[in-house]
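Each chain carries a letter (A, B, C, D and E) given by its place in the written order, and its residues are counted from 1.
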Amino acid sequence: MRDVLSPFLAWKNLFRDPVSIRDPLNREAAPRYRGFHKNDVEKCIGCGTCETICQNGAIDMVPVDGFDPKNGDSGLRPRIDYGRCCWCALCVDVCMTGSLTMSNAYKWVDADPDAFRFIPGVDAKSWDGSEHGYVCAEGHHLTALERVPMDEMEPEARISNFDEIVAGYDVARAKLEADRCVSCGLCIATCPAHMAIPQYIEAVRDGDYERGVALLYETNPFSNTCGRVCTHKCETACAVHNEGEAIAIRWLKRHIMDQVPQEKVREIVGKPGPATGRKVAIVGAGPAGLTAAFDLAKAGHAVTVYETRHAAGGMTRYGIPEYRLPYDALDRDVDVITSLGVDIRCDTRIGRDVAMADLHAANDAVVLAIGLHLGRSTRIPGSEHAQVKKAVDLLRQITDGEAFDVPKSAVVIGGGNVAMDIARSLARLQKQIHGKVDVTVTALEDLPHFLADREEVKECGEEGIPIFDARGPQQIVIDDAGRVTGLRTWRVKSIFDDKGRFAPSYDESDELFHPAEMVIEAIGQASDVSLLGEALTEELAWNRGRIAIDPDGRTSVPWLWSAGDCVAGPDVVHAVADGHRVAASIAAVFAERSDARE
Amino acid sequence: MRDEDTLVRRVPVKDELKKRVVKGPDGLEFEVDPIQDYYCDARPEVRPGSYVRIVEDLFNWARSESLWILGFGTGCGAIEMRPLMTPRFDAYRYGIQWRPTPRQANLFVISGYLSVKTLKRAIRSYEQMQSPKYVVGLGSCTINGGMYWDSYNTIKKLDEYLPVDVYIAGCMPRPEALLAGFEELKRIIRAGKAEGANLYAQNFDWYKANQKRVIHDWDMPDYNW
Amino acid sequence: MTFDWMKIPYALLTLFIVLNYGLLLTALIQKIGARAGRRHGIPIWQNYVDLLKNYALRTHITHGVMYYLGPVFRLSGGVGLLLFVPSIYGSEMFSNLSFAGDLILALYFIFFGTLGMALGAGESGHPHAAIGVSRGLSQVTAAELPLALAVFSVALQYQTLSVTDIVAAQQGGVAHWTVVTNPLAVAAAMLSFLGSMMRPPFDVVLAPQEIPIGPPTEYHSSYLALMQTNRAIFPVAKMVIYMNLFFGGATSWPVFFVKVFLLYLFSAFVGVVFPRFRVEQSIRWFLIWAVPIGIAAILIV
Amino acid sequence: MRTLLESLKERFPLGPITEQRPDLAFVTVERETLRPLIVHLRDREGFTHLVLLTAVDWIEENLFQLTYLVHDRANARDIGLRVMLPRDEPEMESIHDLWPTAATYQRELKEMFGIPFPGSPRLDEEFILEGWVDIPPYRRDFDTLKFAEENFEHRAGRGTTDPATHMRERMATQGGSK
Amino acid sequence: MTGRATSSPGGSTAASSPPIDLSSGKYLKLWQGPQHPGITGNMSVELTVCGDEVVEGKTHVGYLHRGFEKLMERRTFIQVFPIVCRVCVPEPDFNEYCYAATIEELAGIEAPERALWIRTLILEMGRINSYMMYLGGQAGALGMGVIGQWTTYVRDLMLDRFEELTGARIYHMFILPGGVRDGLPDGFDGRMEETLREIERTLADVEDVMFHNAVFKKRTKGVGVIPVDLIDRYGVTGPNARAAGLPNDVRKDHPYLVYPELTFEPVTGTDSDMYTRADVRRRDVAVSVDLIRQIIAKMPRTGPLTAKLPNVLHWKIPRGETYVRGECSRGEYGYYTVTDGSGHPRRINVRGPSYTHAMALLEHLIPGTNIADVAALMVSLHTYPPEIER
């Protein structure tokens, strides 16, 4: 009987209110709901990682008006196709800047199937201002944000010698570091040489170092060098940099070179091309000159490089201390280039040992890659004193092993890498000779605007070198005995005037005195253009003290090209890029000429 | 457009569909061609609405307020239909009901992706519905393939095969979004713009060509009332 | 007794009232059923819209003459049933054509529509329709049996076959209603009533889960609309008979409305909470439970 | 598990064994050994439950791997039997008489991989696909994206830009020099 | 509009509905599905009937086939994660769990403790949802729509809990390889408790109306009996096997996640008919409700949610194969994953319980039943077509 009557209990619901939602058309979804996308387009860098991870192929990267490519921003923005999206929010999880988010809006109805495509943040949508929506859980990242640490010498250990500080990654750590890369390629455009960075990082991940070397040599014959001392602009453009630490691109490059024996590298680089019978002379065996030499030799041209100093390498050898770039690393780079048959003549100065005119006469083209080897002076009172030195000169002396009196105390003027280099080199010498470090650095810029690398500044501090930033040098104090006793500085209020011209203003009340036996100026360099000879100097067009060149690196004289620091300012990888550029230009001109001949 | 021949059939005819001779109970033998004999092969025609504007408006209002959905859960979207018809969302309030047979339904909700096999059934079901009839594409996969964009077995653009009145984006769209979609459909119907059935009749050859291009074993009549 | 031509417009008026009442009533009952499911259910006017929509559909196809006639038969069964029974006792206006018919005719009309449906559905050629019709016929037959017994019992009780007379005999208070005077007959009839209302547990004829909609599977557009019209009229007509035979009839429209509503509610009350029997189970059920009661009713009288 | 494998090794020629978990091991066996081994496992060792039967396409090695996973309820452990078949002649003996449900798996494998199991019921009927015209789709050499692009229309108007290339080109034209 | 025309039921094809066999005239082919209200999901059963009795039933599937196992081979390990849940629509979380578990095992990753608790919570919530769908479906297949109204309502409430926890209603995409995406939101416990109480109330109503119902008993008792000796031969698992008296429950037999720390007993029945199966599932809901309470009470509230993953964009997993199973509402759900050292899975095979239940078992049970019972029988095996054909 119960079985007959019990079902009628269902009717008790008749006396309860229905549970229907009154207005389901305007019901808000849960705060965490994965609804339609939002994008903070100002924050977005267009790295395309969202596109990569989207398994639906729902995301296109498209150019957007008002967003031009710039360093670390491709200028593209994601456009999402809601005919594809599955709202898994992996794109939100993986977003490198956190700009891509989701609202909890969920209603989109349209009769037109082509309407379901939009660029979040650009095409205005009703949910743009929505507060709720899916966000990544705290600490939930699909990619690693912290850089894999690299072993390096402790400051106490390194200060007494010129051994290389960083140890380089071992294979396991390199893989881990390479694994962090999201392969967006934003770095490529930033790299002056446009190296195939994501690809060689992939080679590290795969452990295929020979492929890595081949990729490196496609764009840069100075990978041992650049792997250590490159200015690595790429790392500032790195997508990971936005929420974490940039990939150690430079160290990974070095890691590749460290893994492959030199013979193998030479084998990978290959042989020079079939001889064309054309001859090229290059003045200056720095990165720019040698890169041009490398390319031209690969193309089969006969290349001779003239170098004033005892060894090839230019500023990388004479400007960068050994603890940053050991000479054998540089030698390996040079070795590959000479293995292509490039003839490097050291201790040969143009204008002294060989005349410019002879070079012109004997070659089809000449490249000037003479670098910046003259230190600039502050020209403050006392700067003519003998104990006031130029940083570049000192560094050269150190490299060549020339003896000089290492001062017990020194002050360096300048906030660039050269200033750090000389300060730290001096510190090492002081430690070796006097047993104690006493070097001070003063610079016009305040710390955040230092031109030197962050690591350099940091390591400087670790090595016991105090840095006084925003100090304008006023006078080098010389005592009655004619000895330098120190440097007097004022605090800098501003470096540039309203129009952006260099015109420092000082707070005269804030004066400091830095006692020192020697003052070293490291405020910039200039080219030694005396070797050109008067006639050529006259003939050439100039641009603010530098040789004027066209975008291909050609000077106003048809047979003369110029490349590297002397035209573009100090930067290793830029010099490499320049070398490639002039080599390509020369090759093109040669091809034109042979066409004309036929 | 591809070669007409490749459209027709790339898969051999099934045995039960071949022409055959059947002996009747009275001893007479006659030939049977299943595709021709058992199904109607008439072309659909465009059926205009009433010429009297106000009558048509009234009819359209009635049509919009009485949406009978064909109970055919073609894809995963079917799962959100149940909440729609039960206490929480109670779509009956909005004049929306289920019909188990295509004859009596006038709204076909394509609930998500259509596999080729289901497309075949969906076309037949659609053709059996009476005009005016409406199609709602539910979910992103009806718009552009959705997450099955690279699948070998699902169609990507529903409007290539059936005339669609309204799309609802989502994967899945929530019941609330479905209701919003139905409200939009009602608006379109009231405005007299939901003429999918006539569109289908007008572009009949185009639709058929598209359908035949993906249904490789086309063994249906071209039109099935 | 001469035929009063005025009865025709009056009968049409009855038809009109019943149609509207039927449409609203079915919606109301659906709403009440929906409340058991904890929701609101359709708007009360939904049936009108559906009806209008179905009449407004632009295409319809036919499977032959009988297919066409099926809904017509069904509707005429409903209308006939209604018209040959007095709606309001004592009202000249709404006694309809009750002079002409008696209980036997009414019983015939109840069956008539089903037959028409059977023919039409059979013509539609759909296996579901065929199965549904065969089930429908067997179940209706089984369900009619107790009703017939009950009707005979009542006829014996009141010694008349005229519905009007039976209603007249029940006037004067609840105590005179057949439900009190002949409870067994009413019980048998009410069980039969459940069987004929196409609600669980006896809706295997329509059974959407196995033979969707059953006989009307193929019906659509205006055919369906015709059947919907009938679905508004026929149950009311049937309930009018029940009301007249067992519950003292109605002397005014409000009483009419209330009694019909309660009767309808009874079927919904049972229907909502039970699943459906299989066809052979439901036939056995009628034979085991309803028929003996009917026989007992006759025996007692 | 170890003792069981040892005892199996004595009775049957077994190939490489992988002990994935304490309760799960995979054993490679020859095509001919499969049936006696699986009957032994089912009837003597209590592996009464056929969990799944599926295939893996090792196209590089020109092999199909059939995996028969059987489960021992009493001891809660599984053994997966791997049978390697040459891809060009992948026929395999049917086990539908041991487990009726295997017939379904075998139908699917026939359709999706093209591995025939002669004698299995309804083997040649279409199972999941209908009107299929290409090679069996689960084979590795079947490219689903290509098939989808050739067969189905995708909505026009899509198109993406590679950030790296775009940046390089645009930044080069933007002004060249620094 | 003249001309002979018939429609075959529910869009079943011309191809597969041959005319009545003229030679005998005894049999009728009847298609149930794919467009048919009495079919669970999008599949069809081809019935050959003789009178009201079904003499043969063939299951036809493939209407929902998307080629998931192929698509997974084209995707990276993280990209597989959003698509696996689509394999089984009504209870998607088992796909996420099994996939994540196989990947974690092959890649040697261990999900943190807290994630395991949340995973268990989600799986039990999903189980309740699935059972609620089933109860409504089972009653609905027999013409009792009101049960479906109630159960779908409480399922909706549970979906609300899902929504606030995972950010989605149906496809949660929450159990990432390595962990889960987020912790419980504020105030979740209280709202969950309310939902559980509503479920218990509804369950009591369902018991009164559905299980103490003369007609329901009449329709389901003694119908669709699976003899105990067929259980393993037909690969029957889960409630279908437990209704036959076997205590087969992966949660007990192969304890995974945090089940070892929870107390519960597998629910079993004795008669192995439709009624018992329904009853086992109803009582299983109560077990799940209790489990959820235990989980909420015991779970750690702090701690990491995900293990440290390698960069998912270049994630590679060494060659290997494994099988991980779980007890879903229909039985044993498992993923067989093979990797080959590349960034994509070599092969993933989804073992859904419906595969054997809806094909071999259903075809075995159908002959001899009444047409009217086919729909209910199919429901009582509790099969979900998408996991059959994937």
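Worth a mention:
The criterion applied here is as follows: a residue touches a chain if its C-beta (ideal position, glycine included) is under 8 Å from a C-beta of that chain, and two chains touch if they have at least 3 such contacts.
Fair warning: this is a prediction, and the values are worked out from it, not measured in the lab.
Counting only chains that touch, the fewest steps needed to get from subunit B to subunit E is 1.
Counting only chains that touch, the fewest steps needed to get from subunit C to subunit E is 1. Among the remaining chains, those touching subunit A and also subunit E are B, C, D.
Each of A-B and A-C has its own count of C-beta contacts, and the greater count is at A-B. Put simply, the chain nearest the middle, going by average C-alpha positions, is E. Distance from the subunit B centre to the subunit C centre is 36 Å, each centre being the mean of its Cα atoms. Here the CA centre of subunit A is 49 Å from the CA centre of subunit D. One inter-chain figure worth recording: subunit C and subunit D are separated by 61 Å, centre to centre, where each centre is the mean of the chain's CA atoms. Centre-to-centre separation between subunit D and subunit E, using Cα means, comes to 23 Å. Across the assembly, subunit C contributes residues 34, 36-40, 59-61, 208, 212, 217-218, 272-274 that each touch 2 or more other chains. Counting only residues that touch two or more partner chains, subunit E has 1, 4-7, 9-10, 36-37, 62, 65, 67, 70-71, 74, 82-83, 146, 149-150, 153, 171, 209, 213-214. Residue positions of subunit B with contacts to 2 or more other chains are 40, 71, 86-88, 90, 93, 100-101, 103, 117, 120, 143-145, 147, 149-154, 157, 171, 174, 217, 225.
Contacting chain pairs (ordered by label): A-B, A-C, A-D, A-E, B-C, B-D, B-E, C-E, D-E. The touching residues of subunit B, counted against subunit D in their complex, run 10-11, 116-117, 120, 143-145, 149-157, 160, 210, 213-218. The residues of subunit D lying in touch with subunit A in their complex are 155, 157-168, 170-171, 174, 176-178.
For subunit A in complex with subunit E, the touching residues are 2-4, 6-7, 9-10, 19, 29-34, 49, 52-53, 55, 86-90, 94, 134, 137, 139-140, 142-144, 179-183, 202, 205. Chain contact summary for the complex, subunit E toward subunit A: residues 75-76, 78-83, 146, 153, 160, 163-168, 171, 173, 181-183, 185, 205, 208-210, 212-214, 217, 304-306, 308-314. For subunit E in complex with subunit D, the residues that touch the partner chain are 58, 61-62, 65, 67, 69-71, 73-74, 105, 232-235, 237, 248, 253-254, 320-323, 325, 332, 334, 336, 338, 346-347, 349, 351, 355-356, 359-361, 364, 389.
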